[in-house]
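Here it is, the structure, as structure tokens.
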């Protein structure tokens, strides 16, 4: 009990958005306090043996191939001992009304080794999405949303950055690169800050929540979506596990 | 400055280059005649005080000549071209023994589909190689160009082959490489912001190398 | 237009009724003012188109090198001054569009159609003056709209001036939506203007010829403009229709060109080129006509084979409708059609050949005065020949397989449109400038400008043939991506430098044009000692052109006629032997 | 709420249901109308204590305590302490000193929070009705509210814009008559002579407000707010009401307004905007030689908000420094960075011992015992040691083992700067050898100004970051105030920002094209002009 009040009030004190890693300390300092500081953390598991990811033929893109020492594969379903990465988890029900503070740090996607990194990214409506090119060759970023405005821009040189802002929530905005057909990424555009993407170890954390019962949905590009309900005491971390495959 | 065509590497090169040089010579002559004529007249008949131009309204004979001569030459060129054109692009020009490939063309990639071991296209053992076309030498190949988004154009300068790939149309192009080696494939029709980089390569193998490559590749495809 | 007030003052005093400045120079119904309005507008667009060409050339000559002052361009076009591929495509598209639709076409048809037809036919004005005014202001607004496209989100149209579907039909492929739609709208609106103009020309030529001005006494320039007007009237509606169809595909979800929904991709090409090839002749016939006038005047000789020249014009106009397919040899069109189109294309070369030889014949045994217009006209013939001959390579379908969509085509089109049309335009502008503004353009500068232009022009475009022969594709942003193009880099740089020089020397023309307006030598009624009706009136001609309706006694090319002492004989001059047209009859 | 009213007043046990519903309506409709139309005081009767309690315990009790005594779980880590509602002593009021606040007053604080304290604003988190209920519940903590109807004091209107003389006079009153300077300091930075001794009515140490940052004034930063605070005082704090002075005729009401205007004038017109990139201006001439150098006047200052370090233990929740002004300049040889921040004390300072002790006693610490004695004031500037690959930055506090940072650490006593690397907060490893970072620091009127200067290219790039003009480099800050018990990792920190050393846009970029155009145009026109002259000559 005690610990919670400590953290809670000092978050209120700091007025920072949920204290997630780098941005936590001061990034949000300019923004208003979070609704709370309960957090939902959990795991995305994958049952059974994962489908093999297709190999990518990068023989015509030596600069990229060089960045993949062991033959490049397309991380569509990336499972490490039963944990599933690149799952977009977000709260879909039970939230008090907004508006929610928009973080000033941009969400980021990099094009590195002819792959989008990360493959799945979450971004808030109105938040900047910074798209960079780390490869010394032409990529074009083609987003074909349904709710937002489509764009198709090129980055012919390494080190280029383009910023885009989505104006409407959309699950998910698909990204392609027409030069490299295998390159895909997905951006989940949400109007609240309560989302996360499962890491390599399948774990995710959604923090800054007020106490309450929430419906949480997990999305995967090929394995579909799942949802679960979870109740968080005002004192933070409830856990939630999603299981795909099997 | 060179008006010499780069070396060709397919059976078409001979015919096309020959026609090209024929036209080059004919037009060259016409070019010289006209330009020199203009120059000579310009100097010879430049205005001089007290001299008056000769009042000539025309000459039917002359005009008939310089109507007939170009007309005839041009029609001859046309007829010469016609044969070659039919041989290359004509409806039934594709040799029966041509090896079929499917080429799925999209912004901004060439995806070449190869027959698997069963020697049939459109079966499960087909495999796709991106931006690489491997063909045997001295053997006609037939490409079915399947454009998936916009119009692209399959262009191999060394083979003197160019054919638009139009979405929604069944388009086939054939050629027969005559020199082992590696050549570049370009997209010749503006197809978007990556058009300038829509590059692929043709690898012309000797017959046995080709078989070797094919089996390696099929094996690799199996593992995946 | 404010400045034109100065130059046109002389016209003012003869005006029966004084008009407000606005009515006189802005919303004027006087064909001469409208012609000059077109002239100024087209020159501005010529400048824009030229600047775009310079950017394109820079990118090709020095890829990866920041454009000088490119930092002034927004991030979405050239971050750090280095052009982006999508912006490069927009440039390529707009260079073609601006030059064809807003520079050359209005210069030839808009300017000289308006200015010459009534004057040379002895008419007081166009048949429909207000329609005439409307056609200018509609064209003007189309131009503004077209330029506006650069400032919309997603950038300007990037599908080439030929706007091939589906690239132009679906924003998904280019990322351009607003720009492409603006492009289509602007083209459709411009089409309206062109049609208005064409109607006006045809009606005027048919109905407003002065007594004695029979069909075969019309100057070739008028013949050409007349034929052109017919082509415009028939061709432009097809483009407008196609543009509107594509616009609907873009906006309200029709599927004319959408192959996934029963549309036909290649339909656009057929529609576009069915308009497009006549368009090519729209862009060259008036030039041929005016050059014929000027060469006759310069050589002080009648045009060699006037009648065959006329028939050549007409036959070109007819054949022009059955050759559109030669733009599509490699498009997957039925190869048998390829054969027919090849033959028709070969045949259409013949009339052009006739014209070239007749021009030479005109100079033959002449007494050639090399005034600036004459220089440009001879330059025209010399360059047009190259453009015509290089066309034969493409006409031969097998050779076309190789050179189609390469720089050989680029060279060809520029030899026809720059070496051809633009030189003719320089000739015509300098030739009729005294009539338009009452002052001569300076001839020394004119000659310097001609020779420098001629030199740099050839340095720029002739090597492009060699690029094409080496297989250099057109419309590519960065040639260095291909191994087989890398050896051509030096040649590309050479071309770029030449192009920059070519662009720079045009300053001479601009300066000459502007300064002669105020300070040029005063011109008499007939500075070139020519025969046409326009030379019988003051320079510039008063409102209503002719004090009394002129009577025409002979054809326009009676130079060095044995009947008279001096070496020209005006169409209106009545000799003892002449009978009045009433008796003679047309 | 309708339901609430319905069940609460009529639903219970009456027999005739048809009439019930009618009566129910008869109350609810006016109630709803009242709620929507009437201002807070009148809406009292519609408030719902039960829900107020529920809301209070959910959102407020953690700090303010279940009994409202301001002794919640977290209270012990806060300074200033949460309000004790049982005493009904409220700082922000529109009522005379010692009076109860009106509901509007309480609502204002709940809506906007108390900037610079742990009290957040609730306007966008609780509905209007909910806040009314909470207010009702708060008042139930103290019997004083029973039947009380506090009246706002009536104040005149603000006189027009102050003239120079008005402000000068106001300044005189500020200094001599009302002697605000005794606590708030000569420059109003809360560094007055008696600032160190200040405690609130509960004996907790309390800061004299820094009057140069009106965006964190409790009760608002407008002239009206300031005037009202002066008239009514901030009950429970040393801030007295000046009404008596006015009534006694020591100063006129207008003069008080002028003072309010003067105080307002101490703060910038608009609160500083946080910007992500600090631009280091390019100097042609010499760089500023010290913090006082007037050259700094031309260099744009950037405001960097700071927050308590609450991630690494021991955490710190009540930092002194909540913002730093950063200015930077370079001359392609050296980069110089000037940091300016307000800190009432030049630590360590015996005068502040009491305050220091107060804090140490007040703030029970969860994580670690407090340092025994005042430490120095400290400032830290950090850069990622390795150029960030992609967009991955070191952990924003002192880096992490994989991504070390390069740091400048300055202490006020001894007055020195140390250069080093760190792989996490507190893990500072000084770079051996001669320091490359020169510095000079001045303290005056509760404000530190520290200037760091270093060559762009360090001797050993493996331990020190090179600064490259034209390439943005991440930069972060750490600050600690010794007299406030800050030290070690206790203090305030910033997120990552970026510093960008301006590069001159090569003038040729703009000049050459213009020159080229002018030249060639000039040439062209010149040629034509000469030709025309000859023409006329001929």
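As written, the chains take the letters A, B, C and D, and residue 1 is the first residue of each chain.
Just so it is clear, a residue touches a chain if its C-beta (ideal position, glycine included) is under 8 Å from a C-beta of that chain, and two chains touch if they have at least 3 such contacts.
Being a predicted model, the structure only gives us computed values, none of them experimental.
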item: Comparison of A-B and A-D by number of C-beta pairs in contact, larger one; value: A-D
item: Chain located farthest away, centre of chain A as origin (C-alpha); value: C
item: Chain ID, smallest distance between chain and overall C-alpha centroids; value: A
item: Chain centre separation (chain A, chain B; CA means) in Å; value: 48
item: Distance between the centres, which are taken as Cα means, of chain D and chain A, whole angstrom; value: 32
item: Centre-of-Cα separation between chain C and chain A, whole angstrom; value: 56
item: Distance between chain centroids, defined by C-alpha means - chain B, chain D (Å); value: 72
item: Two or more partner chains touched - positions in chain C; value: 84-86, 173-175, 477-478
item: Touching two or more other chains - residues of chain B; value: 107, 192-194, 197, 199
item: Multi-partner residues of chain A (each touching 2 or more other chains); value: 138, 152-154
item: Touch relationships between chains, expressed as pairs; value: A-B, A-C, A-D, B-C, C-D
item: Complex contact set, residues of chain B against chain C; value: 1-6, 12, 15-16, 19-20, 23-24, 26-27, 30-31, 34-35, 37-38, 41-42, 45-48, 51-59, 62-63, 66-67, 70-71, 74-75, 77-78, 80-82, 84-86, 88-91, 107, 149-151, 153, 155, 157-158, 160-169, 171, 184, 186-197, 199
item: Sites on chain D touched by chain C in the complex; value: 505, 509-510, 512-513, 520-521, 523-525, 527-529, 531-532, 534-536
item: Contact footprint of chain A on chain B as seen in their complex; value: 106-109, 111, 129-132, 192-194, 197, 199-201, 224
item: For the chain C and chain D complex, residues of the former touching the latter; value: 68-69, 71-72, 81, 442-445, 448, 504, 507-508, 510-512, 515-516, 519-521
item: Complex contact set, residues of chain A against chain C; value: 138, 142, 144, 149-154, 156-157, 160
